[in-house]
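Would you mind keeping the following structure in view while I ask a few things?
Order as written gives the chain letters A, B and C; numbering starts at 1 within each chain.
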Amino acid sequence: MPKVVACFKWVVDEAYIRKGGGGALDFSAVDYKLSEYDRNALEEATRCRGEGGTVTALTAGSPEAAKGLKDALSRGADTAVFASDPAFAALDSSQTAAVLAEVIRNRIPYDLIICGEGSGDQYAQQVGPRLAENLGIPCISYVQKLTVAAEGGRITAERRVEEGVEVVEASFPVLVTVLPEINIPRIPGVKDTLMAGKKPVVTVKNEELPPLGAAKLKTLAMTAARLERNCELFGTAPEDIARFVTALQQKGVSG
Amino acid sequence: MEFKLTEEQELIRKNMREFADKYVEPIAAEIDENSRHPAEVFKLLAEGDWMGIPIPGEYGGAGADYLTHILAVEELSRSCASTGFTVSIHVGIACMLVLLNGTEEQKKKYLTPMAKGEKLGAFVLTEPGAGTDVMAATTTAVLDGDAYVLNGTKTFTSNGPTGDFYMVFAWTDKAAGRKGMSCFIIPRGTPGMTPGEHFRKMGLRSSQTSEMVFKDCRVPKENLLGKEGAGLVMAMAGFDHGRVGIAAQSVGIIQAALDESIRYSKERVQFGNPISRNQAISWMIANMATELQAARFLTYHAAWLKDQKQGFSKEAAMAKLFASEAAMRHTIKAVQIHGGYGYCKGAKVERLFRDAKITEIYEGTSEAQRMVISGNVLR
Amino acid sequence: MAGIWIFAEKKELVLELLTPGGELAARQGGKLTIVVPEAEGDPADYFAAGADEVVLLSPLAEDVTLGAWLPVLAGEIRAADPEAVLLAATSRGKEIAARLAARLETGLASNCLSLAADADGTLVMERLAYGGAALQRVAVMGRPVMATIPPRTFPPAAAAAIPGREGSVRTLPPPPADTVRVVARKEKERSAQDITAAKTVVCVGRGLEKREDLELARQLAAALGGEIGCTRPISEELHWLPDNLCIGLSGVQVKPELYLGLGVSGQIQHLTGLRGARLICAVNRDPNAPIFLAADLGIIGDLYEVTPKLIEEVKKIRG
């Protein structure tokens, strides 16, 4: 059964982002986590592995991202591969896809690559398709249901498209990106977590890879998203309610 | 001195938090209201290896350290003190008793299913006339051929109505005083052992508590746990483990009280400002956060000592004493911060307040803890 | 060389992209080319809306995905060397855009909320990051600049704005077979409550105490001629309403004329789903609820007290 690679990213936990002064964002108290969408990818990889298959968890990031390896390994992966370098702290999608492709091409035999539909931080939704192009393999994105053929060698995937669902088939090797609805990621049990530390981890350093290309997307600014409108407030007295509904009527939305 | 949890401990704690948020938090109010033991949650806890964390793998446990178990009890208790307590007493007392004192046979037969969460353990010592004064117990176990016959009444048995394997303490030789009590493993359904009705309690209502009545209850000789007469020593060691668990439960309660108090005080506006801006309230919260920190480190340190295979009786008593009294102090304040809303069903702090009280009483009252500590310190 | 290319799988999406596309083409000069499946309407409509060239994609065989056009599109774009390529951020659009960007070795800004040329002509896009908490301004280092734009971000370019306007049309022959085969298609059940199309949405949040109280929200929605929706906890945790009525970052994006939240606190993940609403109103008993910062009109009060009064008042003025 298939050799599966599940890609994951170690991201800022947005629950800890605070608003700084003047619309800036305060990252000083942030914690990190395995991107939620990638939990689905890891879970799906474990599901697809079947009898005799393997799951390799793969990530590229700065050395701090090593904290995510045990988490990924506790979710069903057999081994982890970590492309690690301080230079990998803030890669754009094109760079991430280039690094991952290089690592996979030369080090990880595979049939099926599973990515989350996007990352929890930037949510650019590009790495999966870009990685497929870099490897020259087909890409099926926004998958809500994935089945590996019983006899192996190919998959059937249900893609969510605007008008409904497109059910497609492709032979290995193939890359899919999965939606959060595809499965409910496990909460790893205590033994799963304790075993994780015993599983092999391969670290690939920047020097072992071809030079990183320049980023193709530049962030000019990252500020607190504001949705501020000037809110006119009303109480609950009958006059207030009447005034409120009159305002709705004036704006043409009273039905 | 490194004040750091291992990566595994961090991950396990996070996972327990997620489990509690997902499965326990949503039903906590209901199981309190209905005094219900959530068997469906305990099934999931068993599946995740949460019911035998510090028990070695060969006996069905996860083979982790005691501190990891303590972290799990804390996180569970943060959502539901009853659920956290049930796990604590099952692992910390029932499982540990068999692990430390059982024969290979007994460990395979009783410890393994308990550590896997397939069977629930219970600790049966307290009697209507014997609480802190353990020696005033009257339940006897008389050897008759190849069995001991137990007669007597026990009370305040946690997991009484729901338990599978009961660790029961009875006099085998009253005359021998402190060396006259023995411990027996008695499976549910053994003729002559009857759980009483579930007590209607102020708090910890989901935890099932009852009397246990023994009338000519025949227990095979091989169910004697440890040596005849070693019962009290075993029980005291059992309490050491259990107390760290109660301390962890208390820490979970204080954390929940703090979370609720912070949230509410930021939302509640009086006199044009959130009440968190009032010094009276912010100081209550400062005190709560500070004592939570203290309780937490006392608790973790006691667990750490045990994992280092050092004596930890005194530290366990200190952690239990401090954390439980802090839990009561601060759940009172948490209700105060919530004002009238905190007094009503539906407010989490209402339940926390009722749950906290028992932590000052069971597994050795605060007074008993002071006796242990002073006994230790004044030697 | 200048020029703007637009690609979308549906007519209305092309018309929406013609709004920013047309502006850019007018500013930077250059041809405005749209690429669209042949079945999506008369080229004249696109010319009237500002396109200069219409590239039609021949119908594909039943078992071929839209992605099969990828190598052809890449070739066309390389040959035309436009300054920018805009695609609708549909599932297909986003996948094709990312794969094209890889082939063209350029950058792609995803899910852009805005797109404009700054003083020196650099295209700057804005998008949300960190679960909706952050607004990210980006620029592409590469050519062409690529961007995907979610449906309903821009209003459609006035079709027939310039009637009788002409342009060039060409049709691309079907591409070579792809390795991905379509074996079936399933149409989404058009639920009677398609809140993405609703003019008015009454949204319930955690302030709602029991499932039965949805009736109150339904009555208000009916009085206002709208549909009900909910925040994530209502569908995800409590399962009081189906997922397709959940408004937010991970749910449905709505752009109604009126959004009215009942007992909705206004978490950022939810607000992201309704930021395009024309009028945002909220009823919440907590004066510090974040939704009041994002609303135009707000009633501070208990929804159980306020909603019946609103229903009565709305019915009164409707006569």
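A few remarks follow.
Please note the rule applied: a residue touches a chain if its C-beta (ideal position, glycine included) is under 8 Å from a C-beta of that chain, and two chains touch if they have at least 3 such contacts.
Because the structure is predicted, anything quoted here is derived from the model rather than measured.
Nearest to the common centre of all protein CA atoms is the CA centroid of chain A. The chain with its Cα centre farthest from the Cα centre of chain C is B. Looking at A-C alongside B-C, one finds more C-beta pairs in contact between the chains of A-C. Centroid to centroid, with C-alpha atoms defining each point, chain A and chain B lie 40 Å apart. Separating the CA-averaged centres of chain A and chain C is a span of 21 Å. Spacing of chain B relative to chain C, judged by their CA centroids, is 53 angstrom. Chain A has no residue in contact with two or more other chains.
Those residues of chain C lying in contact with chain A across their complex are 9-10, 65, 67, 90-92, 94-95, 98-99, 101-103, 105-111, 124, 128-142, 178-188, 199-200, 223-226, 243, 250, 257-258, 268, 271-272, 275, 278-281, 292-302, 305-306, 309-310, 313-314, 316-318. Remark: chain A residues 12, 14, 17, 25, 92-94, 97, 120-126, 128-130, 132-134, 138-142, 156, 159-171, 174, 180-181, 214-236, 238, 240-242, 244-249, 251-255 touch chain C in the complex. On the side of chain B, the complex with chain A involves touching residues 7-8, 11-12, 15, 18-19, 22, 47-50, 53, 57, 62-64, 68, 72. On the side of chain B, the complex with chain C involves touching residues 26, 266-267, 269, 274. The touching residues of chain A, when paired with chain B in their complex, are 67, 70-71, 74, 187-194, 196-197.
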